[in-house]
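Multiple structures are listed underneath, in structure tokens.
In the two assemblies presented below, chain A is common to both, partnered first by chain B and then by chain C.
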Partner chain A sequence: MMEKRYAKDRLRRSMMFVPGNNPGMIADARIYGADCLMFDLEDSVAYTEKDAARFLVHNALKTLDFGKKEIVVRINDLSSGLGIRDLEAIIPAGVHVVRLPKTDSAQDVIDCEKEIARIEAEHGIPVGATGMMAAIESAGGVLNAREIAQASGRLIGIALGAEDYVTDLKTTRSDGIELLFARSMILNAARSAGIAALDTVYSDVNNEEGFLEEVNLIRKLGFDGKSVINPRQIEPLHHTFVPSEKDLKKAYAIMDAIAEANARGSGVASLNGKMIDKPVVIRAQRLIALAEADNTVEEE
Partner chain B sequence: MDDLKNIPHIEEINHRGLFAGVPPKHTATFQERTASQNKVLPSLEAAIRATGLQDGMTISFHHHFRGGDHVVNQVVDALARMGYKNLTLAASSLAAVHAPLIQHIKNGVITHIETSGLRGDLAEEISRGLMDCPVVFRSHGGRAAAIRSGELHIDVAFLGAPSCDPYGNANGYSRDEDDAIACGSMGYARTDAKYADKVVILTNHLVRYPNAPWAIPEYDVDYIVVMEDIGDPKGIMSGATRYTKNPKELLIAQTAAQVIDAAGYFYDGFSMQMGSGGASLAAARFLRQMMLDKGIHCRFALGGITGQIAAMHEEGLIDRILDVQSFDLDAALSLRKNRFHHQIGATYYASFLSAAAVDQLDFVILSALEIDTSFNVNVLTGSDGVIRGAIGGHPDTAAGASLSVVVAPLTRGRIPTIIDRVNTIVTPGDVVDVVVTDQGVAVNPRRPEIAKKLRRAGIHVYTIQELKDKAEALVGRPDPIRYTGRVVGVVLYRDNTIIDTIHQIDEGPTE
Partner chain C sequence: MDLVKTAMAGTMESGDIMVTIEPRTAGGITLDLTSSVMQQYGRRIEEVIRETLGELAVENAAVSAVDKGALDCTVRARVSAAAFRCAQAENDHWEVRK
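On to the complex of A and B.
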């Protein structure tokens, strides 16, 4: 089987944005406990700094030890001409997942995948080793979310980029009602394709209360996680995604009942007189995975 | 009355002869009296003359006005004008504001310096060989011990005080009125006042007798000079020390709090000290939350006190504060307002010759410029070899506390913090227990039980060597600093033995 740099199914509660032209932040990015790190070559890097950032991220990928973190790089739009050069720098350097900005249609994904495959082949990397994710940042993109999510087998997830999206909608960010449709659309598109759904950033770093409200909302909707722009947001974000003691106890009880039924050779398990359905088991497994992820000390 | 000869064993009774009457009793009101008979002299020069100060003697100062101090420069300027030479300047610490001393060293007014630290241009010049005699660096506790034992004999102490009454009862604040330049505790000055031969108080605020509560009692004071300006309020203190927003410092602080808890020193009735540095101050915030979550109390907080500690006291989380130095205005205001926020002197704080409060510490959180693989800590010289810090109470608290936690980022810019050998040993590894960095925790092998407890709590414990390797993997190995053979500073441990020396930096061309 081909060795892939990414895993479709993994914990992605937090994806931390790190400007690609800041060596100090890149070197330190690992220490804050984010599940995924996203080095940015796009909006956080001024046009005059693009080359420097590309060079820096290339070398960071090659030399720094990021432990078991998923490493994502946000490239520039392919139409800008910068995107191709970004791909040529980061794919040979070992990026796990390429994040496409401003994805409006399935064709954007297909075009990018073609370039990725070409570069992989040119560098002797198994074609298909590199993962992709698509950020949807326009009304058109939201309406095309379903096709985008299914445009490539490499996609690990789709994400909402809210700042451009609300501008496109002719509104601004407020209590979240303005994003309800886009979030629902992206979530359903992701789930129907069997990939992750990731929420947008919350940019008012000092408003912890507002951040937590938004995190609670996206958790209830069903998102896997969220992009963060400051390490201070990681702990409260993860904390919200940690299941409650009560839910966790129930999840363990369910798994115990399943194990017991299996030991008896019975296909039907029950807990407190109620039959345990498959979705119940899946939910319990996810809950336990989340709780364990939160308690794991990263050993290196 | 019997003749003295008739009293049996009279030679065994201490007395001063026979009663011969008393001088006339005074009858004026005490208010009238304080106006006419007091210790206030008309000028600084008059006070200097009155002390009998001579060439070659030792003068002392405190550093409670920090970067806002105007006392040291004004006094030494006056001494220079009056033609004094060869003086030893023994300050509890010196700051960047004291750069004018460079001139007075060059012209021979000051030939020796004793201090806890140096910064700014004065530190730079001394590192380049300004003085013939090396500067003597002592910890706060070491200085207090040396003053008491006579190793550091002070002839005249010049002590700035934000409030003082006409007899010399002086303090860092006044209960009578708001004082813009209140510095809070005057703990370090109290030791000087007690042991110096002559004490001059310089105040901008002559208040009515009695200036109670006082830090320095009138019987320790000889003369008072009222000055228009003893310091710049902005440099002395401003508002509350802010909690850091730097995510790396927050991460270090949070880890330090977890380490203390896991090590078993976070129990109901614990005692603590923490510095005013970003990470150690932020640790207070995490400890506070843990105290609320667990429902436990701190019996006392010691040391340099910040507004955060004062707020936890007012919240009922800390029973007592022992304050040798108030780091910010909120701490100073708390000292004035709160009965159980108690001012202590340097001797009681940290002297190894006395029953010292540092010996009752459960834990202390300390910062570091450099840490080496033997756990020695440097807080005095920078990575370029130039003096840029102060010993403070670092070795005193590290030795006294049951658990000393040193916090530092693993690298600063491109400079590793953990190295093979620190440039200057200030606190020996023998009293440093745990090092907490942003990239991991190391426990001194002397404390295997702590390492075990941390591991049990799920904290990954590295060896100090592993942390050093991590730092080098990130930023490489800097070239060694080039020094000349000449010693410019002598560093004393808290028992006043010489623990290290500081050499002149070599700025000549490299081959």
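On to the complex of A and C.
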């Protein structure tokens, strides 16, 4: 079977943006505990430095050890002419997942996949080895979220890019109400395609209370995680996603009751007089997986 | 690689190296290196700069570099970026990770 550089299903609570032209930040990126590192060739790099950032990220990917972290690179959009050059530099260097910005339609994903496949083939890399994720940053993109999420088998997830999106909507970011429709669309599109849903950045790094409110909201909605722009945001973000002792105990009790019912040969299990049906079991399994994944990450 | 104009890449920030390459018609590579870690790593940085220029087939140039504790991969990246800017060219031969 072909060896893929990415796993569809993995822990993605935090995806930390790292400016692609800052060697100090690239070298230190690993130590802050983010689940995924996202080296950025797009907005954080000045137009006149795009070439230098490409060399830097290429050499860093080829040389530095980022442990088991998922390595994502945000490229420039293909229509700018820069995106293809970015792909040429990062695919041979071993990037796990390419983040495509400003995805408005399924065709954007298909066009990008075609270029990735060409570059993989040209370099003797198995075609299909590299993963993709699509950032949706416009009203049109949000309305096309379902088609975008299903546009390629390489997609590990779709993400909301809120700054451009709210500008497109003719509003600004406030308490989150302005993003409710986009978040719901992206989440449902991702789930219907069986991929991850990733939330946008929270830019005011000094407002921890506001950040936590937003994190709680996206967790309740069902998102897998969120992009972060400052290492300080990682720990509180992860903490919100870790199941509480109480919930975890209940999840284990549910799984024990299921095991006991199976041992008895009974198809019906109950806990404290309440029947346990399938969705309850799935939620308990997910909760345990999340807690175990968190422990594994801490041990790394 | 044919160098056509003086060019530079990199910054003076910690962990970076600022590399300036000036085309020459003869005389090989001359290197003027200053580094915040000169005593410990000066020789290694020079080695990486010369190695990278060799791989890019740059034979004659005056190179000056101000290092602020850059890793080897950063030195390589900045020298490459400066050389391609110097040649007014884009890299179209990216090597695969081994």
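Some observations on this one:
Heads up, the rule we're going with is that the second predicted complex is superposed on the first by the 282 of 300 C-alpha atoms of A that agree within 3 Å, B and C clash if a C-alpha of one lies under 4 Å from a C-alpha of the other, contacts with A are read in each partner's own complex, and residues count from 1 in each chain.
We adopt the following convention: a contact is a pair of C-beta atoms (placed from the backbone, for glycine too) under 8 Å apart; a residue touches a chain by one contact, two chains touch by 3 or more.
Every value quoted in this text rests on a predicted model; they were computed, and no experiment measured them.
Ranked by how many residues of chain A each touches, chain B and chain C are led by C.
When both complexes are overlaid on chain A, the residue A:Asn59 reaches chain C alone and has no touch with chain B.
When the two complexes are overlaid on their common chain A, residue A:Gly24 makes contact with chain B and with chain C alike.
Contacts of A:Glu88 after superposition on the shared chain: chain C is touched, whereas chain B is not. In the superposition on chain A, A:Asp111 makes contact with neither chain B nor chain C.
Touch criterion not met for A:Glu178: it reaches neither chain B nor chain C. In the superposed model, A:Gly124 lies in contact with chain C only, and not with chain B.
In the superposition on chain A, A:Asp51 makes contact with chain C only, not with chain B. Judged by the document's definition of touching, chain A residues 24, 27, 64 lie at the interface with chain B and also at the interface with chain C. Residue ranges on chain A touching chain C, taken from their complex, read 22-25, 27, 51-52, 54-56, 58-64, 85, 88-89, 92-94, 123-125.
If you check the complex, the residues on chain A that touch chain B are 24, 27-28, 31-32, 64-65, 206, 230-232, 235, 295, 297-299. The part of chain B that touches chain A in the complex is made up of residues 245, 247-248, 250-251, 254, 411, 413, 438-439, 458-460, 473-474.
For chain C in complex with chain A, the touching residues are 9-10, 13-16, 70-74, 76-78, 80-81, 84-85, 90-92, 94-98.
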